[in-house]
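As structure tokens, here come the structures.
Common to both upcoming complexes is subunit A, partnered first by subunit B, then by subunit C.
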Partner chain A sequence: MASSGAAGPFWRAAGMTYVSYSNKCASMVRSCLKEPHRTEALEREKVHFSISKWVDGKPEKPSIREGTGGD
Partner chain B sequence: MGVLPGHVPTIAELKPGVMTVHEGTDVSKYFVSSGFAFIHANSVADVIAVEAVPVDHLDSNLVQKGLAEFTQKLGSASTDLEKAEAQIGVDVYSAMNSALTG
Partner chain C sequence: MAMAALRREGRRFAGSITAPRPMPDIRSALISEEQVPLGVRSISTQIVRNRMKSVRNIQKITKAMKMVAASKLRAIQTRAENSRGLWQPFTALLGDTPGVEVKKNVIVTISSDKGPEKEVKYVILGEKAKAQLMRDSKKDIELCITELQKNPLNYTQVAVLADDILKNVEFDALRIVFNKFQSVVAFLPTMSTVLSPEVVEREAEAGGTLGALDSYEIEGGETKGEILQNLAEFQFSCVMFNAVLENACSEQGARMSAMDSSSRNAGDMLDRLTIFYNRTRQASITTELIEIISGASALEG
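Let's turn to the complex of A and B:
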């Protein structure tokens, strides 16, 4: 179980975060479900949010992002 | 790893795989996509997962196809990120495959 403490898991070494890793795994599992569970699960993947960058302490115009998961 | 009442308090990171729950004589198997298991001192255990599905909700044809697809991607991947994604695919689909055939 001991590791040198250098790289950690392979996905971390490739620059991925745990959250991305976990979401990708979940997405793969969802894609293997039988119907009707599959359509229910794909609903869970949908995202819809508004995002705005802050410049000089003020928010810029927000933009809406939506779609089916991914980054 | 097996958990019974009185288990030492543990935090465990889970790999994609099967979690079997025994309630009396009933046994249910769930496939967990990844996540954590917390076992507390009072013998309460929490399992946190993004997706945990009963094993019989998995379609074995889709699993086989996915496994073949990602094994092939692993062979042709070039960047570190592509390799990591392909490896994740191989790990997850292999685990689903073992869950269905094991």
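Let's turn to the complex of A and C:
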């Protein structure tokens, strides 16, 4: 994933995408809030979906991802 | 819950219709197929009354569903319009190139609960798209994601999804297909394209909107390639967020107009049934009157 030979930013070297990096930063900012804004913000962070990878036209067992977006 | 109530009413309604026939004939149809024991002299209006009751209930239920859909639509419409501002700068900067020729195309189809050697892979969001695509392109499906409706739509969920897709699928160009919300009765299926950084480089050399990228100065310690990659991922996430919201809008709009037309239909049916009911009632009263009067005049005469 490194394009010009340099290691790039630390999170890229750790295997995260820009999207997951910004997500983690956002959840950190959200946890800095005081109540009651904090519970409101944490409501906005909930994640739930079920994902299944298909191989050769057959679905594998679906796995459910949930929890907060901070991974 | 509303659907279960609708089904109950439908069964009750269907039970009182013995055969589907056009309205003008329905009078004779009902009367001839009624189970009338011998010796009963009056025409029973019970059947019609039952039908009217169930149609009225159906109308109430569909009206309620319409209100629910309308309120959900209002809430989500503002969010969708606000989220449009997320990716518009991207289009201004990088241009939207649906006609680009790439080797690996990944199509992300979003749906309510999805050249020379071109490979097309599908990532499906939602059950409806899954049923459709399974029929045609079973071999090309890469990922299938369902059960998205549990939480109200937020950016975090879409970001996690985007992250999953980016990690699992190799792509040259991502094309996101969704229903763009124009108005309550009109939705356009649209496709937006996100290019991978390598393709952006290639197109930049070819000139056009992307070629103007080089005239921008890059600050900070990152190289152009890294910036392009970050941009591409973020663009994908934003576009997907907007797409999911617009799709939800279109779904609620469609539901609202469907419920609206069905309540109007139920209202029409109710009117026709009421007229028929009154006519039957009046006919039976007239018949009784005639019998009484003829009986009385027979006694006198």
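Everything below uses one rule, namely that the second predicted complex is superposed on the first by the 63 of 71 C-alpha atoms of A that agree within 3 Å, B and C clash if a C-alpha of one lies under 4 Å from a C-alpha of the other, contacts with A are read in each partner's own complex, and residues count from 1 in each chain.
The rule is simple: a contact is a pair of C-beta atoms (placed from the backbone, for glycine too) under 8 Å apart; a residue touches a chain by one contact, two chains touch by 3 or more.
Only a predicted model underlies this, so the values are computations on that prediction, with no experimental measurement involved.
After superposition onto subunit A, the partners subunit B and subunit C occupy separate space and fit alongside each other. With subunit A as vertex, the superposed Cα centres of subunit B and subunit C define an angle of 110 degrees, given in steps of 10. By the document's definition of touching, of the two partners only subunit B reaches A:34; subunit C does not. Contacts of A:59 after superposition on the shared chain: subunit C is touched, whereas subunit B is not. Using the contact criterion defined above for the overlaid structures, shared-chain residue A:23 touches subunit B and also reaches subunit C. In the superposition on chain A, contact is made by A:50 with subunit C only, not with subunit B. Between subunit B and subunit C, it is C that contacts the larger number of residues in subunit A. In the composite built from the two structures, the nearest CA pair linking subunit B and subunit C is 5 Å apart. Overlaid on A, the two complexes show subunit B and subunit C touching the same residues of subunit A, namely 22-23, 26. Touching subunit A in their complex are the following residues of subunit B: 16, 31, 33-35, 49-51, 53, 57-59, 62-63, 66, 80-81, 83-85, 87-89, 92-93, 96. Those residues of subunit A lying in contact with subunit B across their complex are 10-11, 13-16, 21-26, 28-34, 37, 41. Touching subunit A in their complex are the following residues of subunit C: 138-139, 141-148, 150-151, 154-157, 159-164, 166-168, 197, 222-223, 225-226, 228-230, 233-234, 236-237.
Subunit A meets subunit C in the complex at residues 1, 3-4, 6, 8-9, 12, 17-20, 22-23, 26-27, 44-54, 56-57, 59, 62, 64-65, 68-69, 71.
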